[in-house]
Amino acid sequence: MLAYIIRRILASIPVMIVVALFVFLLLRLTPGDPAAIIAGDMATPAQLEQIRQNLGLNEPLVTQFITWSGQLLSGDFGRSLISKTPVLTLIHQRLEPTLSLAIVTMLFTLLLSIPMGVVAAWRHGTLTDSAIMAISVLGFSIPVFVTGYILIQIFAIDMRVFPIQGFRSIFDGFWPFFERIVLPALTLATIYIALIARMTRAAMLDVLGEDYIRTARAKGLSERIVLFRHALRNAAVPILTVVGTGFALMISGVVVTESVFNLPGLGRLTVDAILARDYPVIQALILLTSGIYVVINLLIDISYAFMDPRIRY
Amino acid sequence: MTGQETNDRKGDVLVVENLVVETGGRRPAPILNGVSLRVAPGETVCLVGESGSGKSVTSLATMGLLPKGALAVSSGRILVEGEDVVSASPSRLRQLRATRMSMIFQEPMTALNPVLTIERQLEEVLSAHSQMSGAERRSRIRDILSLVRLPDVERMCRSYPHQLSGGQRQRVMIAMALVLEPKLLIADEPTTALDVTTQKEILKLVADIQKRLGTSVLFITHDMGVVADIADRVYVMRHGNIVEDGPIGDILKDPKRDYTRNLLTAVPALHPREARARISNEVVLSTTELGMTYGASSLFRKRAGTVAAKDVNLTLTRGRTLGVVGESGSGKSTVARCVMRLIDPTEGSIRLRNQEIAGLSRRALRPARKRIQMIFQDPNRSLNPRLTVGDSITEGPINYGASPDAARTRAKELLELVGLPADAIDRHPHQFSGGQRQRIAIARALAMEPDVLVADEAVSALDVSVQAQVLDLLDDIQARLGVALLFITHDLRVAAQICDDVVVMQHGRIVEYGPTAEVLGHPREAYTRELIEAAPGRHWDFPNFRPLPTPSGGPVDGATL
Amino acid sequence: MADETTTAATGPGAKPVVRRNLLPRIDLASLKFAPTLAAIILGLIVLAAVFAPLIAPYDPIKMDPMARLGAASFAHPFGTDGYGRDVLSRTLYGAQTSLIVGLGAAFVAVLVGLPLGLLSGFFRVLDAVLMRVMDGLMAIPAILLAIAIVALVGSSLWTVLVAITIPEIPRVVRLVRSVVLSAREEPYVEAAIAVGSSLPKIMWRHLTPNTIAPLIVQATYVCASAILTEAILSFLGAGIGTETPSWGNIMSEGRLYFQLKPGLIFWPGLFLSLCILSINILGDTARDVMDPKLGKKRKA
Amino acid sequence: GLSAAPVDAQEIRAVMHSGIRVLDPVITTAHITRNHGYMIYDTLLGMDENLKPQPQMASWEVSDDGLTYTFTLRDGLKWHDGAPVTAKDVVASLKRWGQKDGGAQMMFKSVDSLEATDDKTAVLKLKEPFNYVLELMAKPSGLPTFIMPERVANTPAGETITDYTGSGPFKFVEAEYEPGVKAVYEKNEDYVPRDEPPSWTSGGKVVNVDKVTWVTMPDVQTAVNAVNGGEIDYLEQVPFDLLPILQSNPELTVEVVSPLGYQTMGRLNWLNPPFDNVKIRQAAMLALGQQPILAALVGNPEYMDECGSMYGCGTPFATDAGDEMIMDGPQPEKAKALLDEAGYDGTPILLMQPTDVAALTAQPVVAAQQLREAGFTVDMQPMDWQTLVTRRASQAPVSEGGWNMFFTNWIIPEVWSPINNPMLNGGGKEAAWFGWPDDPKLDELRTEFAQATDEAEQKRIAAEIQKHAYEVVNYIPVGEYKIPSAISTKLTDMVKMPVPVFWNVKKAE
């Protein structure tokens, strides 16, 4: 297994290099001039030129790329062109909110969606099934910001149980952390609950007709065990896949939710950086995300083998 | 014919009265047309009959496990210890299962959960229905696994179903059904995949439990030998009806119905036939020093592999039948799968018509595929549940250039040849009985008109009359086309009747190899002798409705005569 | 799927009673209420999109800033937006764009993702390479991609479609692959190999059907999220301009007036939800029909 | 709110109009960075509410010939690190400023020398008369004269500073700075305010709170909810459409803090057809009308004004000279006639629409419709602001990435005189602002204005400049608006001026 992990991670290195190169080129092909953002509206072309010069943006692309990769190799991700903050500091500041949001969202999601999907499949064709599916479809066809605003209106403004916005570190205490993360996590969870509940239902339906389910019932096991141990485990692979890719997506930041709840997360950082053409930040973020994806996908793949012993790599 | 007895035998463990089962949907078709049967405490009742006659459906109905929506009880009663199963609530049914009645399913491959270890699947029965501690459960599991004669119990415990041989899975199923020592045991062809020695042990184990706890057994089988050995009473089924029933002696000696008589006369004799004249010396398939070791290491743990086959040397000539018999788990299917190149042998060579195929790539192998075909031991899973039977059968011929129409016409013919209605072509595999599925698998293999046919327990789920019909068919094809057959079986009677040569395998190796008459008639090896002695029903001459003088003297253990 | 009744007992000697229709007849009574309704709703939305120029009461970009944020009235049943444009007309026209974006993204993602997923699930070597590439592809934010593509070839429906679809593809690939990873170990796949089926055939006939159910779910999700992502892209200047109405950009423009004029979000949102709900119901029905074991279970 | 953040009573939490990302107030003209500058730096001079320069860090003396300015630093000025502020710091800071600020660049052309004669005195000598020295040094916008320590001020003008030591009333808490999230300022205990009462950027900057936190909230709706729920104390810009939500809250004051608002304007590209033709430019101006644009942008009549003065209405040089072309609009018929006359061939107008800046999205949309009604073919392209900023710098033909028209906004102090107003420069491709009018006549008039000493004369020339600018269609002002702020009633005594500052303000417990 260790060998497998090492092989996987080694295989990712060339990919990350290609991603880095691709993003680097993509960014330089995209119009936009960090100098203009720094200088503001009234700057003259000469002043812009001076700033560009200083930022090294006038160097040939090859030189720029070599400089950047050289820095990377020595562990230096550079500084933001705009704010001059070291990129690592920026990412470090944004990591906790994003991670917190992703984890809490996933917890909510898993707690709700899997039972929903299982019950819907179990009660296939009944009103319960239709109701669960209708609710979950609403989950992903309502824009996130609408869900967010509605939750804020109900729980933060009308009922005043949670704050409207903001983020507190979990190290400041559980409640201050939790009361601020609940609504954004719920908001985001609606999408994932919808997706995962439906995925669970679909996968379960494929499994519930199998003979071993009949065996499990013949053994006199409770319906809960039949569903959750025998059926769900067999249905787990596609569910794990969407959980994994969904989680990975959240780790790379979810702009709208972060904006609506004013969470200082990676999603906002990414969009801000893209809109400001803050090259070093974008490049580092994408490298980081692809690294995270590599790890998460590795974990998913390992969990496949754990869930289904027939799967080999 | 059974109706008269109603009500005079109170205290029966199982009473089925006028059970009618119909298919679901808008135009229900009857599957069972008023079946009645009863099983008294401690009694062993055998249910025999034509493949597809409704034996499994009857047993599933009893367990309350008919596939929802597809089949449903439309009238009749099923009483287990006086309690009606048909109208029982789901939770009550759950309580009844496993504690009062348990079932061994016909197809063990699909009946076991592929993603849970064997230990886990056994363990949960105990934790659901007993108060045992973890340690107690563990030792109980190991006990029962060794009781059903599984070798290497520790490995079995941690294995997943796909890592076991067909017979091993079947024994796991048996262990699962027996572990709680139920009042009523329904066994649906529980020993089809077992070699006769193991089968004998298992039957003895069941008899022991019966003796000890008074368990009633409803035993579904095609093996008249087994029936003769174990049954107290017999029900004969056909077309969803019970056509005859009575104590074992009456049925065997004096069957009333033509159908029953036919059934008995079709039982093949244990005495080997003479080898047929060779029609050719052309070697179509040979293996040298073939060996296969399954790597047991998973992503999580490293373990030494399982040696499933070692030094296997076989030669198959055109038009001949080579039988492979032997212990369950001795590597028969492994050899078959290697020969088919479905798995890559770890050592040795395989020559198909002088072409070495052990190391060929998938692509290079494709032209060779047409020449060698296989009937899988587990027909259920080898048929894609989403394809219609017709699609499955015509797939191969179409691959090799047949027109879809021609292939379909041929498929219908084949279905009829194996005793299925031509309209079966548009149905899906799950709508058939175990034996019907097996015949579909046979039809699929035959559709390819191969040079070599590897048949892995190809007739085990068939009742003797259908079996005879299918064997005749094979014989016929062999005669016409010169197909060479590699015939894996546990049924020594079948082996005796159709094989020219026989290989006996044990522990992954060939222990004896020679002409059938030699090997079965005058076994040299102790293991072969053991096998022959364990053959069920050896004391009975079925076609003549009378007992045989037993060569080894005295009736076989477990026989109730 | 043929809806046939089974013969009763079918033994070798028996002349079975065959009751089977020769043609699969559509039995109106067997059509469920929900799928029918779903098909009607979806059909109406598609018709509304196609015939928007005929049924929309106003030009969707004709504005009247003096009458902005008008309440629902007889003249403007859904009210007017921040520029005084008729929301009903915009919603009808918006169906065109949104359906193309949503269905297009789902279609393309499946079209590309399915074969890649099948291949990578089946070939271990290819898997190692392909999945790494997908990891990389997944990491590139749609927004960046959209801005880059828009900058290079100009903003249009198609650039938006490409930008939205590309990041979805790896997720479809992973899903298909995961299903194939378990399915390829099934004995019936071995059996298909044994009868000499070519790889494409094995993939198409034996593996693809297993992926259908999860794919339908994923595809409807991609469809919905594409329509909504388009809104975010519009806001960031990488989407379709406000002169081409889409449910996405109507809602994102209406976002500010959420508390004051919820209709701006409600109406396009309602269309979107109905549309996705219908697609889902149809998808579920398709799944049920394709499941041989449930095929019989469909109740009238 | 009930469970709102346990706000430190002496902390003001403010949501400003944008996040603060560039921390060098000299390298950028971004307003938020200027506001940041006012927090942590002191300026050499201040400007009072009558737009008159006043002493701040230094008082001054002007020689009789008007060529020598002597600045004397007041006592008690100290950097945040404790070191005293010296004239050397002042000289270095002014020199860096001089490289960047438009007006200052003009001024430095006339400067002979700028030197520190002792620790407290800096002397500026001019070669020729220049009448705006004090105004430039006192002005609150563009680039104010923020004084930095010499070591910081020596940073090349094209490079961003990374040392944020100032001498102003607040200290920047660098450790808590998260770009795009928040910036934290704490009271500078050592700051010695002037004795005069505060008036705009002049007078005493007395700090009454411990801490000011600028929170960046990317979603305005959230910001409005937060100020409404008491989670923040100050929202610099309330979106007009959301005013009703806040106005009913008794714990909030919703008012316009700055007496001067914004000018929104459209700019045409003189280099590319069809706007290389003055007649077609005029047609475009005729086609537009201020009211619909303002209606779409602002909506609320209370906060918008039609205004034809290029210098903003209510400012010293405000005039209506030549403004009828826009003020009578939209006049599609006239525009059509003019287009016919000019032989407009239907060349599409590439109109850039920024979609990510709320204050700039509406103008192009309405303008596009107005132009179309007058017979123009309009190709409105949505894009993000960065793309727009890059594209507007392109002098290439439209087909090669150039453009025809875009809109932007200015605060009035940026345009209130012909000297400040960046658009009123006829220097063509080399010197003029984007759009590059090549207009020697305009430049002549501007020089004339700079040399005029008499106020009436200045006003006359300013009017003439405007008239000329309208004739050639230098740019198209499409109206003015003011943005209300929402302020918690706990905050009192806020200084009302174009720059939001946090001295003088008190926060109730």
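In order of appearance the chains are A, B, C and D, and numbering begins at 1 in each one.
Going forward, contacts are C-beta pairs under 8 Å (C-beta built on N, C-alpha and C of every residue); 3 or more make two chains touch, one makes a residue touch a chain.
On a predicted model such as this, the values are computed, not experimentally measured, just so you know.
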| item | value |
| --- | --- |
| Central chain (by mean CA position) | A |
| C-D or B-C - the one linked by more C-beta pairs in contact | B-C |
| Separation of chain B from chain C, taking each centre as the mean of its C-alpha atoms, in whole Å | 46 |
| Centre-of-Cα separation between chain D and chain C, whole angstrom | 48 |
| Chain A and chain B: spacing of chain centres that average the CA atoms, whole Å | 51 |
| Distance from the mean Cα position of chain C to that of chain A, given in whole angstrom | 22 |
| For chain C, residues contacting two or more additional chains | 147, 151, 185, 210, 236, 255, 258-259, 291, 293-294, 297, 299 |
| Chain B: positions in contact with at least two other chains | 67, 162, 430 |
| Interface hub residues of chain A, defined as touching at least two other chains | 30-32, 145, 149, 209, 275, 308, 310, 313 |
| Chain-to-chain touches, reported pairwise for every pair that qualifies | A-B, A-C, A-D, B-C, C-D |
| Chain A partner contacts - residues on chain B that touch it in the complex | 60, 63, 65, 67, 90, 94-99, 102-103, 105, 107, 110-116, 124-125, 128-129, 160, 162, 173, 176, 298-300, 380, 430 |
| In the complex with chain B, residue positions of chain A that touch it | 1, 4, 209-212, 214-223, 225, 229-230, 233-234, 236, 302, 305-310, 312-313 |
| Chain D residues within the chain A interface of the complex | 1-5, 19, 21-23, 27-30, 33, 100, 102, 142, 156-160, 162, 177-182, 215, 217-219, 221-222, 225-226, 228-229, 231, 356, 384-387, 389-391, 393, 401, 408, 410, 414, 422, 431, 433 |
| Residues of chain C touching chain B in the complex | 2-12, 14, 16-20, 27, 30, 185-188, 190-199, 201, 205-206, 209-210, 290-297, 299-300 |
| Parts of chain B lying in touch with chain C, wherever the complex brings them together | 23-31, 33, 50-54, 67-70, 109, 162, 238-240, 337, 340, 342, 362, 366, 369-370, 373-374, 376, 378, 381-387, 391-392, 395-396, 399-400, 419-421, 423-424, 426-428, 430-431, 436, 444, 448, 465-466, 469 |
